[in-house]
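Same chain, two partners: chain A is paired with chain B first, then with chain C.
Now for the complex of A and B:
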């Protein structure tokens, strides 16, 4: 099951990587508008793994505490989209977006709401792009602010369907030394639906 | 430009603040009201009149498109914009269908100025 090719073949993985590239390109453009500087993206990583193994896949040394936003989406395929970065970068990101328009003393107070809205914009840009390519409609739930231990975040109790499609791309804003991740977590049923969508798109 | 009144409906305080600041800078004499959800917006429109509405799509409770549809009959001449991060074609098309302008987040001075006028 850990072998991606059991579920998605090489062409399907390549197509999914390209779709993620397009979605993240749109998200990066939104973030770039917000911080008014260039946002760099890494090559997408796609893995089908046990959900408990997700933290190990996020970085060589995953941060202990992460901060970010989770947005659950539902449609032909469903799952969670997450924007994550290490906790200490949170305020830097808020400062990069809001600039000097908010007094420093109010910035901390605004942090949670600002991060939630930034996450909402980034994740929706990416999700919307994927929905548009697939000619689907995805309903997004209200974004949820996260600030917790990374192991806790991906800890699942039930063993029924805890293999997930991990789509990961990291972005960085050089001037602020901020690196973050966008991750999609989908169960096997949704992965199968994505595979069908890709096959239709590729005429397979 | 003559004084106008604007109602900003968005569940994000950051978005409400940014929009208010941009509109105030463009039109210092305009009256700006804010609502954090559709119910609050609807309650405000019972007692006040508005010339422009900016409405977020994804909010707790009623979504922005449903709110716009409810407001349209009472404010047939008001300008309305759906200002949202949800940039799916399905949402954009629905907005156009009910005569609501579609503005993709993130919020910028240029996008807001194009909607409210300089």
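Now for the complex of A and C:
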């Protein structure tokens, strides 16, 4: 396995984070209008890791099951963009967004649509940020709702050299702070392209 | 980017495509790269009530007053410029487009915005609108139902928790599903620990009688049985504490007769059961000795009466302790109670395992001797009598001698009831008593009176009529001075004259007289006749002897009797110095205060006092010091065997010695021969009385 730091160094990651945070600004604005209250979205941490290591990186105690939204994209580089929450956090988010008083355990799959839309807004923001970097559009599929076993999702047993761009997302809605993760699962080639583009942007 | 004018050729559908899109059950809107309306299908036309022709090539927001502007416009922007699809949920965008149903109510919808790539490289935008009214309605119903269920669950939960009984529910296999607080308390385990555990492990319950029986929950599940308030179960908590529980179990069965599980409720009834057991025990036992009581004895008698019918031979023994009353009165009830406990233990120790010992009350005991031949029963009775006699009871350094009068009767099975058996044994005991106590009497149907109460009642009426008819006669037995000549001295003795003229000895009627409180009347009768006799002698100028008159305990304890005596003395001008009152040691000590008062009063008048039966009871010289006694009459039982029993001899000698010191004269009774008389003489006894000296003769025949 390659050393992760060879793939994107600190500076490159910082630059990528900056760009993504700009994208998040518009997503937050969009969400704020929808739910009629202030929504803050930030990407405090951005890393590149091997996909097998993803479960370990999610929260202190990796949740057994995650739910979220997936959008597969293609273009100059390709992969799956995922917004993930532990099952509980996803429901907290919906509740915060909808201002609902229904107990968590009751929310369940009835909120699939709403989660999908929130995920869609955020993933679109990320994808358009990336598109800005590459000055080239990425074709994306319609968002899909996910509720899966985390091990399965990241194919822990699979030894493919697939890397993940992991963004920790911080949602601040209705006095609640909810952490979620955006992951871009990409092959080495796509990562290399990102690095080239960032270097171009930074004039390196 | 400059906006090109829109031409109708820009968006051309062939007939097939058009028909296809128009038959869709959802809405389709297509915008060009400048977000101008290119097309919508009939579904949109129908629900917006607008025609495509009038509005084509206009911007969508001009055609339709979009309510949730930003979100949809952003999505369109994403699609056209970033080729990004969007999904707009109903929840977050409740009414994006002004769509209505035929009836005029708003149509709930969700929207997908999808970029459409055109051959020339530009992107159009497809807006797909889906009617989700049905799912909204379903969702609402689902939420309502789930809310209701949640409330019901909460309600049930609160109810369950507030039930005072422990409640545990299980699945069909007997694994625990839920438990309330009380169940946690009784099992000593939390709900979480119990969850999914087999009830047999967490909640062991056994039937009192059969601890190998399956767990009642498993049993009820298997057989679909209901158990209600069964109290024969014992529950063992996780700490090992056993509880008596009242248990109810019901299988839970749904409408299709499918077994879903069971619900068990139980309640700790240890306390209640203990109380019930205690009450039951108390109802059957005598609290002082722990022996069974009369009621339980009757139950046992009925059982043995039935058993006797099949040929088994059982006996009932009726024991009455002699002298117990004296101890009770002298030493106090506390001591008397202790003595009864000791006697109970002593009797129990000597019985066979199957013998049943009961206390009827007071100093009366009964023993059922099951499967016991007559000879053995008598031998057991005698052994018990002997051991009561030998039982040394000492209080304040003073030994007391007890005796037992025992009646025996066979349980033959022909008795009408248990009362008849008891009455026969009681009657036999009575006979034993009247024959002089400390003996065993076997009930005999040929006894003149079969049942004691009847017999006693007969004696009562016989005595009553004898008193009324004045059918008594006085006998006199001479008391002779052994060592010196003195005035004549007689003890008067009463006899009853029966209707047929036969003479009835006092031991036949005195116990009945005592029982029916007739003793005082008899004492008065005797005293009156003695006074009359002395008056006659005085009138005929004869020399007056000293006459000893026996008084019962009831008489000396009664101030009325004292007054009556004084009245008689006055009436007959009786020379009091010729009257000697004989009071038994037992009677004197039992009513010590009254006895002393009586004695002192009589002494003042010049009467003499003799303490009768000395040595048979307490033989307390300490009491003697306080009593103004002139004579001690040594109990005949010591005198009878004095010639061949050294102990009796020593006893008599020491009584005499002490009496001498106290300046009291001694009288020996039961002097049956000259041998005894000679010995008494050497011992220095002052007086003698008995068949060997003079038999009792009618008072009017004595020579003075």
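Definition applied: the second predicted complex is superposed on the first by the 159 of 204 C-alpha atoms of A that agree within 3 Å, B and C clash if a C-alpha of one lies under 4 Å from a C-alpha of the other, contacts with A are read in each partner's own complex, and residues count from 1 in each chain.
To be clear about the criterion, a contact is a pair of C-beta atoms (placed from the backbone, for glycine too) under 8 Å apart; a residue touches a chain by one contact, two chains touch by 3 or more.
Just so we're clear, the structure is a prediction, and the values are computed from it rather than from any experiment.
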item	value
Fit or clash - chain C, chain B, common chain A	clash
First, second, both or neither for A:111, with chain B first and chain C second	second
Touched partner set for A:187, first chain B, second chain C, both or neither	neither
Touching partner for A:34 - first (chain B), second (chain C), both, neither	both
Doubly contacted residues of chain A, that is, touched by chain B and again by chain C	26, 30, 33-34, 98, 102, 110, 113-114, 116-117, 120-121, 124, 127-128, 131, 137-138, 140, 142-143
In the complex, chain B residues that touch chain A	11-15, 17-18, 21, 58-60, 84-91, 105-106, 108
Chain B-touching residues of chain A, taken from the complex the two chains share	26, 30, 33-34, 98, 101-102, 110, 113-114, 116-117, 120-121, 123-125, 127-129, 131-132, 135, 137-138, 140, 142-143
Chain C residues within the chain A interface of the complex	68, 70-71, 74, 78, 82-93, 110, 112, 114-115, 117, 139, 142-143, 146, 150
Chain A residues touching chain C - in the complex, by the definition given at the top	26, 30, 33-35, 71, 97-98, 102-103, 106, 110-111, 113-114, 116-118, 120-121, 124, 127-128, 131, 137-143
